[in-house]
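First chain written, first letter: the chains are A, B, C and D, and each begins at residue 1.
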């Protein structure tokens, strides 16, 4: 196999294990993928495999045409959702999906995650959008691709680069980024802000988003050309 | 001892330890059993033994007639509840009972656990039923068998194969499956969905179950003849 | 030093460390003691010592007259509360005090912990009583002994042997038992039932105690002459 | 480098790692600093560096004039907040800032953390104040120094020595102390009391602060000239 694809599999394997290390996983839930844009190849977690037994060689390679490359395991049942996102969001290199507890709680409540503080604003430019509920037609016809389209519809008129996560109503969170690791890292941050937003909401059910000036200040302190957080090269 | 029964004891031991590994246990609470249907022999955790000191040789073998096979420790005080379930649900091979925190919280609130999302629907076909409160007559006469009958009554007109768990009012959850490991694994998933349903309920006290089409889609994606989740042979 | 007292120190040391192992401790909060009734000697955690640096030789021996035996560290600032309990509850051999999170939350809310389920009933015969608020007079005069008297007042007309814990209003839980280990173990169980009672209360703010017949059944299944839980000799 | 500054870096490194050990950190959030008052040198965590890769040599030295001493990484983006605190609170030797979950939840709810019990009173003399929301002017002009001024304004007429923490509205907690370790230790205690205050608030939304006599008793049992908690020399 191509060295590039082999290292993509390794990277995707590690990103999947990040979910476990950060406590975002129960059972076999969750999946992370990465894409090699040049060859149009996606590497993704196999379906229903226990994380404890997962190795980088189990990661499945698949083309944009959904053909599995080489022999191997079945890819994640959510693969078509990932594919839709890669097609619509051309600038991304990785996608993560989890059933992490607090992000899922907000998804199940069918509510966007409000931006109650600067921790949130450091990572996401405003409240985390929540999709509508998937239509019965999409459920019947092509459920996983339909989930992808639902996300893409939610992002009409929105920049997917400054809001790298969404919660799918009645389901759970998806996130994306420059690569698989970045996407998984965003899932970790999303769970953290979902948790503290939950707590703040309970303390004050009428609590509102922080003011825009504060949101913008924190977001732009870390992102974009005038960012001054961090060590420059590293994100 | 029969090799088959020896390996049943080993399997039941491991399933009991799964409860500990997943943080479902405080003190000596909880018990998992498995059955060898051919010989009608049940292997179950001994009563009140610390999990730290438990070994597979401590697992108690008992016949359907409640006679202990060989010398050994006293079986779990909940043994009769397990027996009732094995008699009524002929297709099951394992039973697990825990006092896991969130499933117990719903049990104590005497409410079924609603199906708020696809994580739940992946595992259970609808809301997790809650039994009625055990009658004073059953408390006095034969409490543990009465608890079993309470569960069986709750499943009248219901398929125990697509709803492998129940919460007993004022008490806690029971689950079952093909074998002891499967039953314990269902307890782990139950606790997870009990947790996120709790969180969603707090975010929106009027939240309702997800629509049936979405429930069925997710449940049947993983279960039954048209399932396409996983790697085929493995569950 | 007397072998008996040396082993008492060792036992009290281990009981204190149990609090840490079960996650009941932040900082230097919490203290467990044990008593040798024959010589009237109490062994107790020293005041304000980090659990990480604690060893069995640091455990302080003190007489019922409050004199420190041998050279050593200052005893826990709560020592007089322990002394009052040992004097009033002649059948106990150990006392534990923690600031464990959920038991403390109920204490701060100045409410008894209701008995919402059989997990609770397995351990405590009814709701965990909450003391009144300590009087300004007792705060000024002899605060720690006053806390002990507050607990003893709360137990007037009650059997301290079937309710081995209390929560002190605005403060936190105390528990006791046959020895230091037993008292610490009760603290662990208390925190667990405080946690699930909290969760059930949030699910249903109007939730009431379980019925008496069920409480009695579970309590007496484990305690007293007709108990049939466990392996007989062991508790 | 000066031995004193080298050991300051080591001390500040360890204090930063304390935040991780106590579970107060997600991602690269949080920063602790320490000051050498004689030379006017501050040692602080570098900006955006993963705690896993952090070593004591990465700790940045900076003068009160904000000049970095020696070559090195960029200091924490919150450095100016620390500087303001060191200038205003001349008796402190360390500052810690975290995004710990429960303290942040209260910050986001823009509410002081009430003093519901003696655990709180042992550590802080009354409710933990919450700042106002930073003005748009300060956001634009000099955000991080503005955050420092906001804290200092909140402490007008208050003693920063018996209230070593604050929560910044819409942001999170800051704490301080005799040195970096002490400041980080206060963050750990703050998170604990933020957690149990949250739980008590949910049990009783109308709950009020404990009475002053009890607050003073507990605070002064541990602090000031008449303190009798602990072993004398050690805090």
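Everything below uses one rule, namely that a residue touches a chain if its C-beta (ideal position, glycine included) is under 8 Å from a C-beta of that chain, and two chains touch if they have at least 3 such contacts.
This is a predicted model, so every value here is computed, not measured.
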Those chains which touch subunit D and also touch subunit A: none
Smallest number of contact steps required from subunit B to reach subunit D: 2
Homomeric contact subunit C-subunit D: same or different residue positions, threshold half: different
Most distant chain from subunit C, judged by the mean position of its C-alpha atoms: A
When subunit A is superposed on subunit B by its C-alpha atoms, the rotation angle in degrees, nearest 5: 90
Centroid spacing, where centroids are CA-atom means, of subunit B and subunit C in whole angstrom: 33
Geometric centre distance via CA averages, subunit C-subunit A, whole Å: 46
Overlap residues in subunit B, where contacts from two or more other chains coincide: 202
Inter-chain touch pairs (all): A-B, A-D, B-C, C-D
Residue ranges of subunit C in contact with subunit B within the complex: 116-119, 122, 185, 188-189, 192, 195-197, 199-200, 202-204, 207, 210-211, 213-214, 217, 221, 228-232, 234-235
Subunit C partner contacts - residues on subunit B that touch it in the complex: 26-27, 29, 46-49, 73-74, 77, 99, 101-102, 104-111, 133-134, 136, 139-140, 143, 170-172, 198, 201-202
